[in-house]
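Letters A, B and C mark the chains as written, and numbering starts fresh at 1 in each.
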């Protein structure tokens, strides 16, 4: 029993250790100036992808349901926080205070969306749940693109048509400009903040998994009917996993919004392409394997940038990786073959005395 | 008059969705999987027809036939390599994620071969169509042919499934794979046949879609594919008439949404339909209820 | 008063009356057997009692409390736990964690305490570990506590399911073919364990079983189900000698 506890803790400590060492190494290289500005510019995006991958793994690997709308929650976090930051740019002048408030707003808004979407969606299972989360993600992206918000002396004005329809006074400023999105968000996100957010994400996800609630969530994944038979509230725990995952995606969205001066919602950043990109990280890192998600997110973000020549083939390679990984890990015949021929394919059996 | 012309446009687009949805619904009914790559087979079909017609200078009808053959083969190959090994996997997520991978694979192969720029698709239909009410209402040849083709396909499919041996085998496999196997039905062959038919329909849908909306890119199939799945769910997954009705309704809803609500929100409206259907009547308009065995 | 009192329970699937007018009354600490040919509706009765299916007629009282038509999780909280004919373990969780999921509703700390690792978490987790190990010892599974449930041998999986069910501290334990697929040695061991559980946990048990040696060996009373209806009911020896029962089993 003690052995088991230390084993879990040890594995988690290794995960934290890898993240911390990677941060320290990169930070040292950056301070020493021995890193290209291109690579340096990738640090915050890497943090964003790591948070997205870990949080999606909570739904896909731990809850066992496929969500294809993860980028939608990121979108909600990004826009709500950027909206706040832009409005408060001149009111709250201490950057870090404003950013922390924006972070809070992004997380809470994404969590609220997670609950609102989760309540109806989580009644569904499997394919249906996947396609409905995809639908919600696309709807969020679509809605953001027709949203116009302006502010003048009389307060806020909303429209879904165009800027003119806002009917603002002459002194009014447009904050959200439909497909042009939000411009002039303060660039508050830093590598350090991203790193801290990764640690917090890990802390939340890993501790959740190794707790009473985490076991309940995993029991639903492994056998919903048995979970109900021992009195696990399936709806509650599905919603919990889904909401926490959405909130963390929201945090990634906040980082994203505050790393760019212009925030728009398009297919590549908040569409289902992005959701599937995050899914690729989760699958490559191993479904349910948190450390794997981190490594996959880092490697798959760095690799195409380092090997520029591969850029044309990047998505092709991802597609092949996805298919091959699924066949290798899940096809019954391949599993059988692996267990017979490869040592590492065997399930680790602990000594039974 | 504009209302009627929107309605006809909607029915035309809906007919394309219906043809794609027929493929979806058959595959879902029999292999119990969401073939995410189905939409991309449409795109491959359209490119094949385009090359056959423009590069090789073949007549449209031959171009369409070649597209049908290529897609049929593609459908069988995809099923054999990517889906069949996962049929008895312990998690149903496995085959779904693989299908997403196949979808991306097809898109990116097309991207490498044809590039990201949109190519203009020449309509395979040379007929100008008809003009009614003294020229106030024009119905294009594409519109009429699409609707007619869709009706023919549906009638043929229903006959096939009800009256022929392979059709009966399909129904048997969709009811109970294990029992069908015991009755001597070639389950693998039946599933492969289903993919072949679905993919052949996808090729036809691709040609018709691009005849009506002549801009072809590697991503052309993705959205119609997803929307056709919405149509299949709307009509009741597994049901052939359901896919037909769902497709038509969805096409009309989309065109009306574009015309009367907001052109940017058209996709959102279609997806909202899906969500409402799944929450109110998850079995769709004509679907059957399935009870889980304990 | 009986611990479980079922009157006129029934359900139809389509046109088929799967269970009809089912009555049963089980006293506290009784070991009761539910037998009958394949397809007689035994597992359906379990599914009705645990709320997996909704009965279309009848009434179920557990310890005087009306649980008719309640949801599975409420029935679990009311005090019925079960095992499954086709084993349903949490395969990717350890043996210990399987039992700890069973303890879920009896040991509480908040989500926040869990994530922040507050003292409440440590205290309750320790309690749960101890309790779960105690149960594993009863079923000779303590050596495998850290193994994934999927990697247990078949017989041990069946025992783990019973341990998990007991962890919910039920008033009534439903066992669906606990000896299925076991060899005579394992069945013998299992019989002892069931007796032990009954005596030490003061447990009331209703079990479905085909192994007549087990049934006649440990059950005090039997109900025989045939085509969804009660064919015979009463003391084990009397029921097994009932000519109707013999006919149903052996055919005419």
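We adopt the following convention: contacts are C-beta pairs under 8 Å (C-beta built on N, C-alpha and C of every residue); 3 or more make two chains touch, one makes a residue touch a chain.
The model shown is predicted, which means the values in this text are computed figures rather than measured ones.
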Longest centre-to-centre distance from subunit B, chain (CA-based): C
Per-chain CA centroid nearest to the all-protein CA mean: A
Distance between the centres, which are taken as Cα means, of subunit C and subunit A, whole angstrom: 41
Centre distance in Å when subunit A and subunit B are each reduced to the mean of their C-alpha atoms: 32
Centre-of-Cα separation between subunit C and subunit B, whole angstrom: 48
Per-residue overlap in subunit C, given as positions that touch at least 2 other chains: 52, 84
Subunit A residues counted as touching two or more neighbouring chains: 225
Residues of subunit B engaged with two or more neighbouring chains: 294
Subunit B-facing residues of subunit A, complex: 60, 64-66, 120-121, 123-124, 126-128, 130-132, 134-136, 138-139, 142-143, 145-146, 160, 179, 225, 276, 279, 283, 287, 312-313, 315-316, 318-323, 326-327, 329-334
Subunit C residues touching subunit A - in the complex, by the definition given at the top: 50, 52, 72-73, 76-77, 81-82, 84, 88-94, 96-97, 100-102, 104-105, 107-109, 111, 114-117, 121, 124-125, 128-129, 133, 143-148, 150-151, 164-165, 167-168
Subunit C contact footprint on subunit A (complex, rising order): 1, 3-4, 7, 203-204, 207-208, 211-216, 218-219, 221-223, 225-234, 240, 288, 347, 349-350, 352-353
Residue ranges of subunit B touching subunit A (in the complex, touch as defined): 28, 33-34, 82, 85-86, 88-98, 100-105, 107-109, 111-112, 226, 229-230, 233, 262, 264-265, 267-268, 271-272, 274-275, 278-279, 282, 292, 294
